[in-house]
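Before anything else, here is the set of structures, which you'll find just below.
One chain, chain A, appears in both complexes that follow, with chain B as partner in the first and chain C in the second.
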Partner chain A sequence: MSNSKGQILSNKLEIPKSDELKHPMEGYLREERFPHIWCSTCGIGTVLTGFITGLQKSGLDREKVAVVSGIGCSGRAAGYLRLDSFHSTHGRAIPFATGLALGNPELKVVVISGDGDIAAIGGNHFIHAARRNMNLTVICINNFNYAMTGGQAGPTTPEEANASTAPFGCYEYPFNLPFLAESSGAIYVARWTSLHIRRVSNSISEALLKPGFSFIEVIAPCPTLYARRNRLGSGLDLMKFYHDSAIIDHNADTRDIDIGYQDRITIGKFVDKDKPTFLENKDNFLKKKLGDKFIQYTGQNWE
Partner chain B sequence: MKADPIGVATGSHYIDGDHACAEGAIAAGCRFLAGYPITPSTEVAERVAERFPFVGGQFIQMEDELASMAAVSGAVWGGAKSMTVTSGPGFSLMMENLGLATMMEVPCVLVNVQRGGPSTGLPTLTGQADMMQARWGSHGDYELISICPNSPQECFDLTIEAFNLSEKWRVPVMFMMDECVGHMIEKVVIPEADKIEITPREFYKGDKEKYRPFRFDGKGIAPMVKAGDGYFIHITGLTHDERGYPVINEQAQDKNVRHLVDKILKNEDKIRIIEEDQIDGADVVVVSYGITSRVALKAVELARKKGIKVGIMRLITVWPFPESRIRELAPKVKAFVVPEINLGQICLEVERCAQGKAKTTLVSHAGGWVHDPADILKAIEEGVK
Partner chain C sequence: MAYWRVPLDIKKVEVPHGNVHIDKEQCKGCKFCVEYCPRDVLEMSAEFNRKGYHYPVVLKQGACVNCNLCEMICPDFSIFVMEGKPRNPEADEIIDRKDNQ
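Let's look at the complex of A and B:
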C-alpha cells in the first residue's frame, strides 16, 4: 500500500488513518462531485483512471491540457476531471475541441466520449478532424451501444447483438473504428479493452505527446445494458471474456480488425507516424506564401 | 479600450454589406471564424479568410454548420473573440449549438445573411423570415440579442456593436442581415482605430479557489477565464450552478434559466438601439428593421406629403424587443404599420405589446425582393382612418 507520493506505507495490509487515506488520483478528480453517475463495474471509470495515469506519465503540464466530452455515459468523463473540462453537445465534442485547440494553441486538447457520440452523430467531425490532422487526442469508449439513453443499437453494435432498438438482434454492419481513423488520416491509432489498463494508460501518454490527431478506442463493458440484454454476465465476466478473446497484434492491418459479436477482438497499436498538424501546415504554408506579412495567431491579444 | 489598428482598414471603401461586416468583425478584434459556405453570406467568410493571415487571425472552414457553431464556443473558451457566418439552412443547423453557447454564456457573434426560406427556398434572394428563429430557434427558454443593419456602413458599425454587446452581456449576438443589405454596394467609411470603442472581455485574475464561471444572483455577469489559465473550470450545457457543475433539479433550473433570461430582459433598456423620427403627435408609426426600413422611408415620405402624421420607429436591436416603448406609444397612436419580408413575425410582437390600444397592420412580403412602397403607403392610409 502506498500513499499519494508513492511511498510504501506498509507491506502488510494495514488500513492507514483516515487523514492518510487518499485517492491515488487525488487532485485529478472533482471529488466534490462524487458519487459519480456510473454503474458499478462499468468500464468508463477504468478508462478515466487510464487517462489520468497516462496524463501523469506524459509529464505534460496539466494546466495546458483540456478535456472535451460529448453527451452519453462516457460523455460524463469531462465532468469528473480536475482539468479545464467541457461537456458539449451530443456529437460535437470534436468540433468544440477543434475550436478550443485553435483558440488557444498552447493547449493539448483531449476528447473523451462514447461510440455513439464519436462515430454516429459525430462521425463526420471525426473523419474531418483526422483528415486535417487537428492536434487532438480522441479516446472513444466503445461499449457497443447507446448506454445513456437505455441501450439502443449504435454504429459499433456487432451484428447479432441485441439492443433495445434491435430487439431481435442487430442486422447492420458496424464500423471498424481504427480502420476509419487510419483511412481518414490519424497519425496514431490504437485499440485496447478496459482490461488492458496499463496499455491503455501507456498508449494515452504516448498519444498525448504526439502532435496531431491520435485515436484510441477502448472496448469497455456496459454491464447494465449491453451485457444484461445479451446475457453476457457481470462486468467481471466481460473482463474474463476480454482476457480470453483479445489478441494483441500491433502489426494487424486495420482493414482486418472488425469486431464480431462475442468474437475475437484484435487490439494493439496499429498506426504511429508523424505528419505536420493542421496548425503547423497552416502557419508554415502561409509564412512561405506571404513572407513577413504573415502574422501567426498565438492566442487572442486582449491588450 | 480602443480597436487594435492592425485590424482597422481606415478609409473610404465601396464595398457590399458582407464585406463591411467582415471588416467590422476584424476591426472589433475578432480573431476566430469557423464557418461553412452558404449563399448569400459566403463573402463574409471569404473576406475574413483573406484578411486574417495579415492580422493574426484563425480561420477555419468546418465540415458543416453544426461544427462551426460548436467550434465558436470552443474557441471562446480558448480565449478568442469569435464568430460564425451563415444563412437559412445553416442557421437551422446551428440552433442546437447556439443553445450550448447560450447556456455556457459564450460571447460571440453569429451572422445570418437572411434569404428566402423555408428549406433551400430562395438561395440568392432576400428575406427576413428568420427573425423568430433568431429568438426561439434553439429549444428551451433563453434570451439573446439580435441586431438588424440596413446598409453596408451599418454592417461595419453594428458588427462592432454586436461584439461589444456580446462581451458585455456574455451572450451570443445574432447579426441579422439580409441578402439585400449583404450584397448592396455603398460607401463605407472606416474610422481610425482610436475612434473605435471596443468592449474588452472581462477576465478574472483572482484567487483560483474562489473563481466562479457563472453568477446567478442578478447582480452582474461573471467574468471569464480561458482554458489554460490554470483555473480548472468545468463548463457544461447541462443545467448548472455558479461553479459550472451540473445540478439536475427544479431549483437549479430556476436559477440558471431565469438568469439567462433576466440578464437580457431586465436590461432591455440598456441594450436597446432604436431610431425614432416624428413619433410625437403621430397617428401612425411604421415599425421596421433591416432593408425594409429603407423602403418604409419612401412610403413615409409619400404619406407625409399627403399630410398624414407618420412616425418612424426603426429597430436596430430587434431582440430583446423594445416592449416598454411600444406599450408607451400604443395609447397615443391609431396604428402601427409593420412591413417585413415575411408573412408576419415582428408584427406579432408589436401587436402583443400594443395590447389592443392601437391597431397593428402587417405589410407582408413572402421574400425574393423588397416591398413596393405603395403597399406600405396603403397600410399607413388605412391606419389613420
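Let's look at the complex of A and C:
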C-alpha cells in the first residue's frame, strides 16, 4: 500500500518485533490484513479478542482448531485469524463446519458469525447441528440487525427497534437464541455482552473443551447502523447501556430471557451438561448393530 | 492506588505492575480502554492519528496493575500490556493520592 506521494505505508501492526514487545495476540492474527474493516467502536473486534484469549486459555493445539464464518461483518472474523479458517457462504458456516468436524474428528471446529447468518438464513442448520449434538462451538455475534447489508431487520431485532426495513419499528417476535439452542439440544449455552469480555473469554475456553454442540451468544454494538438508526449513540454508549442493563443469572430459565428493545439483558451460563456427540452415538450404535463388521472411521484414512 | 489511609505494611506490599504499549495508528478512538481501565491509567490524546482518531496516551504509567482489561476490550488490537517488575506502591501512590484530592 502506498500514499499519493508514493511512500510505502505499512498496514501491519506497528509494533517493534523484539520478543518482549509483541502484542500477545499477534501470532493469532493475520497482521498483514490489519487494520481490520470494522467501524470505530464496533464490538466485533472485542469478541475476537475474547475468542483468541479463550483459545489460549483452553490449551488446545492450534493445529487442531479450525474457524468457519459465514457472510456479514461478523463473518469477517475467520479471515483475520491465523488459524485454519474459512469464510464460507451466507448461512452455510455450520454445514461447512459440520463437514470439517466429521471429515477430521480430531479437529475442534468453531463457527464465529452473525445473528443473521446463524439464525436467519442459517437457522435450519443451527437447530439440526444442535439436535445432532455435532462437535462444534458456535459463537454468534448478535448486533440485532443485518449490519453488512445496511441495517435490515433480522431474526433477533427487538420489537420496536428501528431498522432499514422497519422504518416505523419492528413488529415481529424475535428469536431468543439461548432458548432456541437449548431446546434444540445444545449441551452448553451462554449469553454475554462484549462488555463482559473476561466472561466471554472464559466461557469460550470452557466451551472449546466440551465435546458436543456448544453455543455462546455475544451481544455487541453496531454503532454505524443499529445504534445510529435508533439514536443510541456510539459503541461506548451501548457498552454503558450493557453495564446498566445486563443481569447475570446463571440459573435463569432460557424460556424467560427474551430481549426487549433497550430492556434488561439476562446473561450467564444457562446450560452445561454432557451427552454423547453425533459421532459417539453413530459409532456405538453401529458397533452394536454390525458387530465385527463395523470399521470405525477416525479420519486418518482420509489423508 | 489512592489510599484512604496508608496501610502500615505499605513498604512490604508489592503490587503487580504493567507497561502499556499503544499502537496509535491502528487505534480507532473508541475510548473503551480509557473508560474501563480500573486504575485510570489512560486518557485520550488531544492529537489525531493518521486516520483522524484520538488515541489513548498513558497518564500514569506507574499506576497500571497489569490487569489486561484494556488489551482484551480493545476492538482494534491497538493496546497491550507487558508484565513489569512488581512495585512497591508507596512512592507514586501517595503522590497519586495528593493528585486526586
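Simple rule for what comes next: the second predicted complex is superposed on the first by the 279 of 303 C-alpha atoms of A that agree within 3 Å, B and C clash if a C-alpha of one lies under 4 Å from a C-alpha of the other, contacts with A are read in each partner's own complex, and residues count from 1 in each chain.
Keep this in mind: a residue touches a chain if its C-beta (ideal position, glycine included) is under 8 Å from a C-beta of that chain, and two chains touch if they have at least 3 such contacts.
Quantities reported herein were computed from a predicted structural model and do not represent experimental measurements.
In the superposed model, A:Y261 makes contact with neither chain B nor chain C.
Within the superposed three-chain model, A:A66 lies in touch with chain B and out of touch with chain C [touch as defined at top]. More residues of chain A are touched by B (comparison of chain B with chain C). Once the two complexes are overlaid on the shared chain, A:T89 sits against chain B while remaining clear of chain C.
When the shared chain is aligned, chain B comes close enough to touch A:L100, but chain C does not. When both complexes are aligned on chain A by C-alpha atoms, no chain A residue touches chain B in the first and chain C in the second. Those residues of chain B whose C-beta lies close enough to touch chain A in the complex are 4, 6, 29, 31-32, 34, 52-58, 60, 62-64, 66-68, 70-82, 96-97, 99-100, 200-201, 203, 226-238, 245-246.
Residue ranges on chain A touching chain C, taken from their complex, read 13-15, 20-21, 23-25, 29, 34-36, 38-46, 48-50, 53, 194-195, 197-198, 201, 234-236, 239-240. Within the complex, the chain A residues that touch chain B are 30, 32-33, 63-64, 66, 68, 78-79, 82-89, 91-92, 94-104, 106-107, 124-125, 128, 286, 290, 293-302.
Interface residues of chain C, counted against chain A in their complex, comprise 21, 23, 25-26, 28-32, 35-36, 53, 69, 71-77, 80, 82.
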